[in-house]
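The same subunit A turns up in both complexes below, where it pairs with subunit B and then with subunit C.
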Partner chain A sequence: MAELANIKKDDDPMPVFPINRGYIKRKKFYNGIAVFLAVMAFIIGAFPVFHIIYKAVALGHEYLNWRFISTLPTGFPIGAQGGILNAIIGDVYLVVIASIFAVPLGIGSGLYLSLFGKKRTNTFLRLLNELMIGIPSVVWGIVGFYVFSTNAGLGFHFGFSALAGGLTLGFIMTPIIALLTEQAINRIPSGYIEGALAMGATKWQATKSVIIKAALGGIFTGILLGIMNIIGQTAPLLFTNYYNTGMPTGITGPGGAVGDLAMLIFIYIHEPSKILHVKAEAASVVLLCFIFAIDLGLRLINYLTRKFL
Partner chain B sequence: MFNLKYKDDLYKFILSIFVLSVISVFLIAVAVILFYSYPAIIRYGFSFLWVKEWNPPKEVFGALTFLAGTFMVTFLALLFAIPFSFGIGIFLQEYCPLFLRGIFTVIIEMLAGIPSVVFGVWGVLTIVPWLRESVEPFFDRHFSSIPFLKVEENIGYGILAASIVVAFMILPIISSITKDSLESVPKIAKDGALAMGATRLDVIKDVSLPYALNGIYGGIILGFGRAVGETIAVVLLIGNQAIVPKSLFSVGYTISAVLANTFTFAVISPIYASAEVELALILLAVSLIINIVGRNILNKVIGGRFNRSQFGGG
Partner chain C sequence: MAEQDEIKVNVKNLNFYYGNYHLLKNINLYFKKNSVCTLLGPSGCGKSTFLRTLNRMNDYTEGAKLTGEVLIDGKNIYDKSVDVVELRRNIGMVFQSPNPFPKSIFDNIAFGLKIHGIKNREFIAERVEKCLRYAGLYDEVKDKLHKSAFSLSGGQQQRLCIARAIATNPSILLMDEPTAYLDPASASIILDLITTFKKYYTIIIVSHNIQQAGRISDYSGFFLDGELIEFDEAGNFFTRPKDKRTENFITSRY
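Moving on, here comes the complex of A and B:
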């Protein structure tokens, strides 16, 4: 040890193995290029998020006031004056109807999978849910048309209405809630459920007093993700609800159609009218606000569950 | 005791009704599409796939034009999206400083949350003018001799505009799955390589990527599934003309765009409606196959964990 300590730095002792400094430099250079490319990829990928928001606010800012949100569209072409109240009310209709359909179904099947399901049933049902999530929304629209809206042949004959549109959106929402409920329940430490069952609780009592409470965060995540997904959907509504510039008079049959934000944006951007394009952008801001508010809620729930459960 | 046991059986019975309803939603979807496309399948057979003409009054239906458009948009979107999502996944998982990783991941997830109609509006008001005023004149001046890059009409709408926007829409899916796959690489393998003096790039190239490659393939396959079915943004951007696209800049039509534009008129005539539903059947079949393959790969690599970037607006 003493000899080693005596060697001075500037003596430049022979290295134990030859270090090819050029090689190391080259390696570091390549690594630097990789860092640069990765950062560029991220910047280009993140660019549309900011540019979409910027563009929408920059074009639509003059309409971003309470009047726009709280009045019905009027004028010619329809929407040139007034606001988007019909679409906001319509979205409430659609989300409520879809949730009434999808929430019990999704939570129920999630509970079944984690309480009673055998391994094979679980694998099969999970695959089924994933497949349903993968089906393009325009295909769901056609299914919804033939099941709910059509006036001829089999089906419910609801016409182009909030009920038909909402239930079609419910089809889209169900697998999302089912998957996330099952995941949330599977994340509960198994001691919780087994402890309750070992104390002589029935599965229903275990569900009521343990599972629902422990999985609440995950279940809400599923519901909010489902809502976030369906308020952006346009394609299924094209064939099941379309659009209404006024207030609905019912939820089925003639007069049962409702407005919808995504649909309103789609229709306005199709019109060859500058003012409607601007209003489409203003409505996009409102839609994005809803979506990012739900997103924020999701993250809050996630944070709280992780912290307190 | 009879009481308690009875209650649990009742509970199981009620829950199994819910499960059966979920299964029946899927079965109804498949059955409706098969039932209503049956007349067209019988009448046109496989010629539906390679006949070019789509003529409702003459009742001649062939999907080749739309298949070509769908294929081109999907292929180009994947071509644009794969390198970038690859880079984003690597950046987020390997290079990004830890305190920024959370917020940067949120930004990419926000991209997944933006509805496709908003993407479409952004494309119409941003991408289309940019293509029309900068990109297309440039290509017209310098590359007009190459057939694939020929600018036929300088309007901005077309295959390229649609595929750029679709590429941004599938970016979060592929990049989040790339990130998750890279995350599943055992830390000890990476640390070992780093301790041997490897640079980060060496670790990515020789340790992480070979391990994560299957997952990345799964992500690409799921991205393909999303791109094939993408409707609203494509309707707004592709130009909606039933011609087989010959160049990057030409207009076209995709299966999903045809459905969105004409299905409500088609239901007047049974055979026309049936032909349209057969288009939907193609989309359904592709999405089912793609998802079975992609999920199988992903379940092996990242254990079926569901990333929220995989649900997007439609």
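Moving on, here comes the complex of A and C:
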């Protein structure tokens, strides 16, 4: 306090500095440029998205009806008549199989990273997890091919099937769920965990009844982001499932392969057939709708967890 | 020296290290049964760390090392035979910022019973009500027991945390600046609670607030840079401190 009083008493009053009108004009001009660039960046970034949606709808709109998504492809070349039910059912197969594999594994890994592991090993494991997210999906395809489809790897020999494809997609999904789970748990106030431990809860009791509940929104986000990621994948399926124009009769071996929207688009576009090209566009719209629905679900979950937890 | 059977917690030659950092330096003190003891000191002096050594909350801190003994009812809690879960059942803890779980008011308290294997619903309901009554919260929340604990005000949340802490029948209550984030009226309610709780519990409180500490303490200790500078009955501590540094602190010269 004493020093403050001295300054006031002994020093001159603060000199008033002149206002630079030119500079004020210039800084407003720079501000305008910054806003303009930001808007341009947004337009350039968003344009392809709207263009894709517009093109897909414009080209494929004649097939956007209930029949298209509720019937199997027929005719010659296959798909010239009928719809894309095989691909929709196939996607359900793949997502369910991938989730059964990836959800417990991803959540478990996330829990380990955030709660149970040691600091030093965690740094390494986290790096590994991020590396896994960065691995190109075609590489996962090759891995899946050796491990699940052939009998060269671990002897699973599932053939080109939903199980081999789904598990390979699960590989892609797991690190995403692990990362999001870990982040969600790290965002939980440490008071929840400490409060539970201080009452004599074991780490697992605290995890089970307090932590997972508080992190549920983040964990669901991870799961849905994982699903959004794998639902558009083709490369991992090329070597593990490929494609089936009909319904699967099982999930392994011959007859175990399923259709898939992304694969359907990929295959139809490669066919020298105008009808199939149009149907590929329509299928793109259906795929976009699925992803959009998942995204809406994601936002709904975030909203609900914020409101009720 | 107090009578042996009056002593609830006895700390002997306690040293605590975090990596190479010597956080607590040879702490020796004891807490009497059914007394309120406040531990004062500037931020970073180690008083919270000390409090957390009493229920082994530092166990999970990597790089932490502890020497010396903490005897509770004559038994060293750092002995290998001691079960941490059982130990913490006996020691309730209230934290600086109210930290109710993201559960209903009822479930916040029932949690403490459930984690110790109690399933009897009637017993749990009865205990929840009793804990809320003890914490002076029952009348305010009796109509919304199954609403989220976050619907309560900060002061109510802190009393809920106190109710939660006593649900497991502890004999010791540790409080880490329990009124730090509360408005004066809510803080005052909690201080009154602490005074009445003396009957049932041995209470150890870490505090910044000298005035509040003076109001509720039977004993007080002063920590500075990881050392226990002074520990005495509250009457002597606040009016006739023996150490110059204690005097400086309680007259706010730190």
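Here is the rule we go by: the second predicted complex is superposed on the first by the 260 of 309 C-alpha atoms of A that agree within 3 Å, B and C clash if a C-alpha of one lies under 4 Å from a C-alpha of the other, contacts with A are read in each partner's own complex, and residues count from 1 in each chain.
Note that a residue touches a chain if its C-beta (ideal position, glycine included) is under 8 Å from a C-beta of that chain, and two chains touch if they have at least 3 such contacts.
These figures come from a predicted structure and were not determined experimentally.
Asker: Following the superposition defined at the top, how do subunit B and subunit C come out on subunit A, clash or fit?
Answerer: These partners fit in the superposed model.
Asker: Please work out whether A:Met247 is in contact with subunit B alone, subunit C alone, both, or neither, and reply first, second, both or neither.
Answerer: In the superposed model, A:Met247 contacts neither subunit B nor subunit C.
Asker: Quick one: classify A:Ala262 as touching subunit B (first), subunit C (second), both or neither.
Answerer: The answer is first: A:Ala262 touches subunit B but not subunit C.
Asker: A:Leu304 in the overlay: touching subunit B, subunit C, both, or neither? Say first, second, both or neither.
Answerer: A:Leu304 contacts neither subunit B nor subunit C.
Asker: Touch test for A:Ala58: subunit B only (first), subunit C only (second), both, or neither?
Answerer: neither
Asker: Quick check on the superposed pair: does A:Leu296 touch subunit B, subunit C, both, or neither? Answer first, second, both or neither.
Answerer: In the superposed model, A:Leu296 contacts neither subunit B nor subunit C.
Asker: Can A:Lys213 be said to touch subunit B (first), subunit C (second), both, or neither?
Answerer: In the superposition, A:Lys213 contacts subunit C only.
Asker: Among the partners subunit B and subunit C, which is in contact with a greater number of residues of subunit A?
Answerer: More residues of subunit A are touched by B.
Asker: Looking at the overlay, what does A:Phe116 touch: subunit B (first), subunit C (second), both, or neither?
Answerer: first
Asker: A:Thr202 contacts which: subunit B (first), subunit C (second), both, neither?
Answerer: In the superposition, A:Thr202 contacts both subunit B and subunit C.
Asker: After the superposition, pull out the minimum Cα separation from subunit B to subunit C in whole angstrom, please.
Answerer: The answer for the closest subunit B-subunit C C-alpha pair is 6 Å.
Asker: In the superposed view, which residues of subunit A touch subunit B and also subunit C?
Answerer: 202
Asker: Across the complex, what residues on subunit A touch subunit C?
Answerer: Listed in rising order, the residues are 118-119, 189, 191-192, 194-202, 205, 209-210, 213-214, 308-309.
Asker: Name, in rising order, each residue of subunit A that touches subunit B in their complex.
Answerer: Residue list for subunit A touching subunit B: 27-28, 30-31, 34-35, 37-42, 44-46, 48-49, 51-52, 55-56, 59, 104-109, 111-113, 115-116, 125-143, 145-147, 150, 171-172, 174-176, 178-180, 183, 202-204, 207, 225, 228-229, 231-236, 238-239, 242, 262, 265-266, 269-270, 277, 280-281, 284, 287-288, 291-292, 295, 299.
Asker: Which of the residues in subunit C come into contact with subunit A in the complex?
Answerer: Residue list for subunit C touching subunit A: 55, 57, 60, 62, 84-89, 91-93, 95, 97, 99-103, 111-112, 114-116, 148, 161, 164-165, 167-168.
Asker: Within the complex, which stretch of subunit B touches subunit A?
Answerer: Against subunit A, subunit B makes touches at 4-5, 7-8, 11-12, 14-19, 21-23, 25-26, 28-29, 32-33, 36, 83-88, 90-92, 94-96, 104, 106-111, 113-122, 124-126, 168, 171, 175, 199-202, 204, 222, 225, 228-232, 236, 256, 259-260, 263-264, 267, 276-277, 280, 283-284, 287-288, 290-292, 295, 304, 306, 308, 310-314.
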